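Take a look at the structure set out below.
Lettered A, B and C in written order, each chain numbered from 1.
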Amino acid sequence: MDNIILSVEGYAKQFYLHSRQRLIPSAAQVNLSVRAGQLTALIGPTGAGKSSVLKGIYRTYLPSAGRLLYTDVEGHTLDLALAGEHHILELRQREIGFVTQFLHCLPRQPALDVVAEPLLTRGVTREAARQQAAGLLERLAVPQRLWGVPPATFSGGEKQRINLARGLIARPRLLLLDEPTASLDTATTEHVIALLQEMKQDGVGMIAIFHHPALVERLADAVVELSPPAMTVTDELIERIA
Amino acid sequence: MNNTYELPLDEAGYAFGFMDEYAKKEVRRAILKAICIPGYQTPYASREMPMGRGFGTGGLQLTLSLVGADDTLKVIDQGSDDSVNAVNLRQFVQMTCPGVEVTEKTEAATLIQSRHRIPEKPLTEAQILVLQVPYPDALVVVEPSEARRKTMHGEADYSRLLVKLYEDIVKFDEITISHRYPTRIHGHYIIDPSPIPRWDVPKLHQSKALILLGAGREKKIYAVPPYTLAEPLAFEDVVFSVEDFRDALGNRRTCSRCGAADSFLDEFSDETGKKIYQCSDSAYCNERLASEKTA
Amino acid sequence: MSRKILEVNNLTKIHGRGCPLCLESTGPEADTNICPHCGSVVAAHGVSFDLYQGEILGIIGESGSGKSTVVKTLYFDDAPSAGEAVFFDEDAQYDLYSLNAAQQRSLRSKRFGMVYQNPHLGLNFNVSAGGNIAERLLMSDVAHYGAIRERARSLLVRTEVLENRMDENPKKFSGGMQQRVQIAKALATRPPLLYLDEVTTGLDLSVQAAILDLILEIQHELGTAMIVVTHDLGVVRLLAGRTLVMKYGRVIETGLTDQILEDPQHAYTQRLVASAL
């Protein structure tokens, strides 16, 4: 299907809060596609559900409706919303990456190893993995004195760069990016842009949320605008569920 | 003991060998079972004997169940035929088993009952050795519950016993068990071979004679049948060894009485307080002395 | 695709004599695990899940949820009242509850490892730390003192117990160090499957962090599959890829850990997640 890696059809997400017996809408009627070597940007106001879409693709959220058709490296297409948990875990390890704003990692692992890890799980030797990690950290202007230090004490911007490096290093097939440059200064942002463009050249398909319209202009090959899910939809759904 | 006392055989109805035939039959069945399952502690209904528990009632019941009028019996205690307990037991058997011969010569005996030693002279296929046992179960040092011990024996789960050996080596660079050395019989059950010294443990291995072990208080009989594997517990790199008997200069001590350099020696202090060493096996010592005199 | 290592089906454990009404009178809807008719405790019922090689599965729940019961049953500390578990080991597979006691003991000492919250359950306080590890190796018929000692030493070093304390009795160790000795002991026979039952509960936070770190590092190195039982959401977030949520003996929700924590479906899970500090 030419080079479409991901095709989202009619994605919708609501949360049902049992304690309040309320249905909270998160995203509605999202359609988009991501092509190999291209970046699809999600734009829209807060509450439109941009993060929700990324989380739904990554399966951190269980989609309430819609299909998330993903084509893996072997060419098989599957609906991520219906895939088994182990399958999702494997895809996350090998093909689908997610750069979030949070850094969850071992308290004692030095930054260099945090970044090198995705390569290790793919069988790259520790030496080679560390070398590649070092290269990336340099490009992202992370000072060398921090490489041997666990990232727990880093600043927001430093953590973000570690996150990015870890997400980019293993060249996933599909990369999800949630505000990857939010805490970065202009100079570092330029480095990130350059890196993302390289990723495109390597055929990585990306879907990203950028806080700055300028980034959308420079990097996006496709733009999808989301609007907050309508409240009327909520009442209908409650009726159906009750 | 009152030598003039005659056992009222008719009135009391005592059988040959003091125990009634049913009691002897049960013990013999237990013996057969013990032989069939080498090293397994076979329970039996240990009878009341006219001496207290702890004085060899287990060994005695085995002896009384086996002895016949054509047997020749030797009884020793710590290697000596003369010790009080040995004398007591021997005389009891003589009293209750009319016609049974007794001897101090190891090679002349068909049945030998012993407390805590195996004679120096190698035994033959025609002989049976009965050992008196205080604690039949090697695992009792690591597990107080008998039910759990039985399961451990059944599954050959001796790791806790082996850990004791490990800890010994860690602390003292060697295994410090001196007697009651745990020994694996026929590749499965580990037995407590009774308080015989390490010196005697190798005699269990591929023995020509049948070796029976009886615990009267604990009511167990077990056996090391002839030509059976008997392996003292050890590690591949920390092997089992017997007592050394070397003095500070590295010379092997000899018996001060007969000069033997190949027997298990007891250590005494003489009247002056000096340490002297003598053969524990008194019959062996006497024989050597006698042959020296004739030589 | 990695292979299954454990398949658990309908695992049930009832303490007490049980009655025909036990199952329907207990569970999350009944808000109890004690049967009102006969007083039996339905510690766990209907627990089913798969575990893959190298995977870490979390089981989370509050007291009385039955989470510890699951791993205790899988480790043969207790026999289940119903249900099956199949363990896949290289080319063989074992129906755990139809094995005899000796076979179970063999799996327990050679292919499974367990770390308890209470070190008295997992350690022998009559022997040294090194002796504890030796004990486990000796169950596997290792007969070379030097080899045993070296393996014990290297395991204790790996779990960051000071080497010069190897011959000390663990009675003298701090709680955190006792847990480390337990971990070293559990790993002695290189088991492909490890059960961790509230291993850091009750320890100081910094000690907790260090031990969780250690567990994950070891998992990376050895590829050990693990079941981590805890009431602490932070622990599952850090360690487990997938998680089961239990309440009053039943599994009420299962899913990818991040999904359970960020998009919990069941009312109880939502309450649990919302209550986390």
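One rule holds in what follows: a contact is a pair of C-beta atoms (placed from the backbone, for glycine too) under 8 Å apart; a residue touches a chain by one contact, two chains touch by 3 or more.
Only a predicted model underlies this, so the values are computations on that prediction, with no experimental measurement involved.
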| item | value |
| --- | --- |
| Per-chain Cα centre nearest the global Cα centre, belonging to chain | C |
| Greatest separation from subunit B - chain, by CA centre | A |
| Geometric centre distance via CA averages, subunit C-subunit A, whole Å | 33 |
| Approximate Å spacing (C-alpha centroids) for the pair subunit A, subunit B | 79 |
| Mean-CA-position distance for subunit C and subunit B (Å) | 48 |
| Contact footprint of subunit A on subunit C as seen in their complex | 1-2, 50, 52, 55, 209-210, 212-213, 216-217, 220, 237-238, 241-242, 254-256, 258-259, 262-263, 265-267, 270-271, 274 |
| Complex interface listing, subunit A residues touching subunit C | 15-19, 55, 59-62, 85-90, 104, 106-109, 120 |
| Subunit C residues within the subunit B interface of the complex | 101-102, 105, 124, 126-128, 130-131, 134-136, 138-139, 143-146, 148-149, 167 |
| Sites on subunit B touched by subunit C in the complex | 142, 151, 154-155, 157-160, 162-164, 166-167, 169-171, 235-238 |
